[in-house]
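Each chain gets a letter, A, B, C and D, in the order it is written, and its residues are counted from 1.
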Amino acid sequence: MVHNRLIRNYLIIGGTVILLMMGFGILMLLAQGGVLSLSPPSFYQYMTIHGTGMIGAAALAASAVMWYFLSQHVTLSKNIFKANLVLFLTGLVLVIIGVFSFDYASAWTFLYPLPTLSAKAWGTVGALLYLFGMLIIGIGFLLLFIDTGRAIIKKKGSLAKGLGWDVIAGKKAEKDAPEPAIIAGTMVAIVNVTALIAGATVIMMNIIHTVNPSFTFDPLLAKNLTFAFGHVFANSIIYMSVIVVYELLAKYTNRPWKANKVFLIAWSMSTIFTLMIYTHHMLMDSVMPKWMLIIGQVFSYANGLPVLIVTAYGALMIVYKSGIKWDMASGLAFLSMFGWTVGVVPAIIDATIVVNHVMHNTKWVPGHFHMYMGLGAVVMIFAFMYYLAKVDGGLKVTKLDWIAFFSYIVTMAAVSIQFLVSGALSTPRRWATHIPEWMGPALFGGIAGVFLVIATTLFIVHFVRYILQRNVKRNDLYDEKLV
Amino acid sequence: MMKLAILFYILLLAPGTREGLESVMVLHMFLQLPLLILVGILLHGNRDWRFLEKWNENGVAGMLLAVGVLIFWMLPRSLDDALTEIGIEVWKFVSLPLLGFLWRNSWRKIVGIFKSFLYINFLSMFGLLAWLYLGTPVQICNNYLINEQQIVGAVYLSIVLVSILYLLYLVFVRGLEEEAI
Amino acid sequence: MIQTVAWITSLVFMLLITFIFLFVAMKSTEKREYEPIKKKWYKARTFYGITLVVFMLIITIYTLRELPYDQPVYGKGEDPTIVEVEALQFGWELSQSEFKVGEAIEFHVSSQDVNHGFGLYDEEMNMIAQTQAMPEYTNVVYLTFTEPGTYGVLCLEYCGLAHHAMTYQITVTN
Amino acid sequence: MMKNWCNRIAITVSIILVVWMWFIGTDGFTAFTAETARKNNLIEAKPKFPEVILEDSKERTYTMESFRGKNVLITFVYTACTTVCPELERNFAEVYQSIPASYIGEEIVFLTISFDPERDDPKTLENYQQYFQSDGETWRMARIPDQLQLKSLLDAFGVIVIPDEYDGFSHNSAFYFVNKLGYLENVLDYTDIKAASEYVVGRLEREI
């Protein structure tokens, strides 16, 4: 029933791309730290590929996590899942050609009209390759999430029931609430289909403008749509991956992690807030309607509540005095909840308008998302990789894996914190060169990054070993093996 | 059904209605074009059309052609050319009924997920066109005034809004009994 | 200074969260029945949740009192100096670049090509204000310099290959 | 099996048909609006500026013959226009200023032609000049008093002018580059000042 080969392909491609993108991250930090001389065009090309690649790869791997657990409850189309992978790789190739062969470097935010007005740094071809690449990747994901949504509707009747609104309303007992995988799947289907509609519109718009520059569009609306797409899509990564935490911690502790009313309300809140709070990216556009900006702050605060009160709290409660047997998978799952929670703090601080006024687009911003992506979402993906290697391949971990585990925590935290420190020092984000006062943290981060890459490589190596194993009867035997 | 379709077609071809509908951009785009599509749908009716069972087995071929024609008529160029070039005008009266015919034939045959995909795709395409026609300061169609362009944009926008509401109704309230979307 | 407050607040809460997770991890190997734990901590959660919501509400109200978008109230005869700021790849054009301490200034920021960010830095390279420079739109920053010195304008929105070179200098005298 | 084959052929044929249709309809994916198509055709056809009599702001009358030996950059406007024309002329002025002074008047003349001869008499045109610092000599503004002649010019250069309900016109806009022999050589996007002035300067330098 579960198509492990496809899942493995998703994870290994996602994991490897993440690893490679870390490499580009190190190069950028070292260049900013003043020890590596990198020409600005190369720096910005690396920056473009780093952002695009990280988000794309993490979303790819996260969708495999969701697919694995969701397909145990609803009927998902294997063909669509396969098509998404093919489209992703096709799009990726176009993006890579656009960036490296045609010097395209508009950052993954490609704010209109930058793809067209590049000050002659790149031509129409580069921009079109990149934009079409993104469009193709988007189509793949759109198909995947439509399939997710349709499968849930088929099983549950409607998306409202997928989010358990009938349970919230009291029409149904709490014990009949949908499984966490279904709730998360519903939420992600809703927000990502919305995000991808916005994304397709704004990408097509950029394509039209690139082909025919006399067609102009409203730049403020373009910015809104771009962030509505980018913010939601990036956010959804963690909501897809978190399913592994629900499943794993419940199994390892032998304590049920069932949805109750509070849980359901929390997820419904996340659904709505995730769609609304992209405006916190635009707090420094005073031409925006003021109420939208205030919403940006208020709901960014509120969006911290579901995770702080329900998800993280639930994780702590389930682990507390449970006699859990720690292994790499459960350790990473627990770590990821820590990463997510701790990453919420600088995010909320930055969403405060008065703070944003002096911190927006400083390195504080990458600081907070490296924290909850690097210590949160991506760690969930690694947790799933170790879980799969164990239950499906019966692969044992070595001491090296544990060394990698702890060095990953330290180095990823170091990378995030150096960004935050830089942000507090007002270091602007996305600068190819730094003045001497700003170089220290960047250099520190670059060096930490090298160790981070080593740790991640060990994670990936473990997973590759599992893939390369032969003559193992692959099946889901977790119950016997864990307890 | 078929008689009705032919009658309708002749009516649309009549010089009076034709010129009347084409003189105003919004009527041209949102009345004449859809009515021509309707002709094709009526022409198809409820018949089986045996040969299409073979040639349009899973609906993909028909749908591709239909969508291709539809996108062609959304290019601002085509609308302009239909007024100035007789060849394009003839093509309009041939291709759009064909579109309706193929659409009717294929919609029931294609897999559910592609219906959803098409629906969602048109949301973003119509939204884009609304944005283009409403916002751009340059004249997109040479044969129509700029303010006509904006009315067209407004109609596109309203179509998008209604479609979004309908979609929300479907996925949150009614659910997807097959063929619903 | 706001950056320091933000940094310290973040640090405090991040450390708090770290301690809680460490504590739970340390207690995890002990084995107890789940039901009593659940009961006790669900109760605690209600309290914790309410406290958190109230705390956030207070912070929200406190931080939303004065927003950088609001035009300050000018005293009688105190007309603000309006400075037109135009950004373009890759430089700044300001209608005026010398100011006096205490002078009420409004920077009207726009762009001729792509999106840029108008970031104002003091002599120690700390940011004191910013807004986005957008084509077709004009964003406004209200500022009154309190210290004389040389201030910098840095581009804060990625705008192309010379983004980092897009700087400008402002002089403020007594 | 047979059925399957038919279906596959139908899909392939559909795709080919669609691509072919788009290809024909957009002149090989080069022109998505009638305006671009018009420009492309003009650049291809290189029509001659017709024999029409111009009357400029200084009430002089002449034909294009008098510019023989000089390139002429042309725009079409009507002075009562409040939307596109002022922008067109502002951009025109910027192109004018970006041309090296030694070329101005010697190698190239700027010419703004009004297609509203009734309202745009020499007096109005002279007024209009002041908004854009046009000197009336190296950048002239003129009308074509004869309606038939005007129409022949608009038709030759593909300028579409539709009267609207508020006594104004909807019209398409561009910079028209006419060479020393009086043939239209290029139609430039008026919104892209940089590209237009680069083209003109490059063109003049090549000639010298």
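Observations on the structure shown:
Assume a contact is a pair of C-beta atoms (placed from the backbone, for glycine too) under 8 Å apart; a residue touches a chain by one contact, two chains touch by 3 or more.
In this text, all values refer to a predicted model and were calculated from it rather than measured experimentally.
Summed over C-beta pairs in contact, the chain pair with the top total is A-C.
With respect to chain A, maximal separation of chain centres occurs for D (centres as means of Cα atoms).
Centre-to-centre spacing of chain C and chain D amounts to 48 Å, using the average Cα coordinate of each chain. Taking the mean of the C-alpha atoms as each chain's centre, chain B and chain D sit 34 Å apart.
In chain B, 137-138, 140 are the positions where the chain touches two or more neighbouring chains simultaneously. Counting partners per residue, chain A has 214, 216, 218 as the residues that reach two or more other chains. Shown for chain D are the residues in touch with two or more other chains, namely 32-33, 36, 191. Checking each pair of chains for touch leaves A-B, A-C, A-D, B-D. Residues 53-58, 60-62, 64-65, 67-69, 71-72, 75-78, 80-81, 84, 88, 95, 137-147 of chain B are the ones that touch chain D when the two sit in their complex.
Contacts from chain C toward chain A in the complex involve residues 2-4, 6-7, 9-10, 13-14, 17-18, 20-21, 24-25, 27-32, 34, 37-38, 41, 45, 48-49, 52-53, 56, 59-60, 63-64, 66-69, 89-90, 113-115, 117, 119, 121, 125-132, 134-141, 154-164.
Those residues of chain A whose C-beta lies close enough to touch chain B in the complex are 77, 80, 142-143, 146-147, 149-150, 153-154, 157-160, 193, 197-198, 200-201, 204-205, 208, 214-218, 221. Considering their complex, residues 112-113, 116-117, 120-121, 123-125, 127-128, 131-132, 135-138, 140, 171-176 of chain B touch chain A. By the touch rule above, chain D contacts chain A in their complex via residues 32-33, 36, 189, 191-192.
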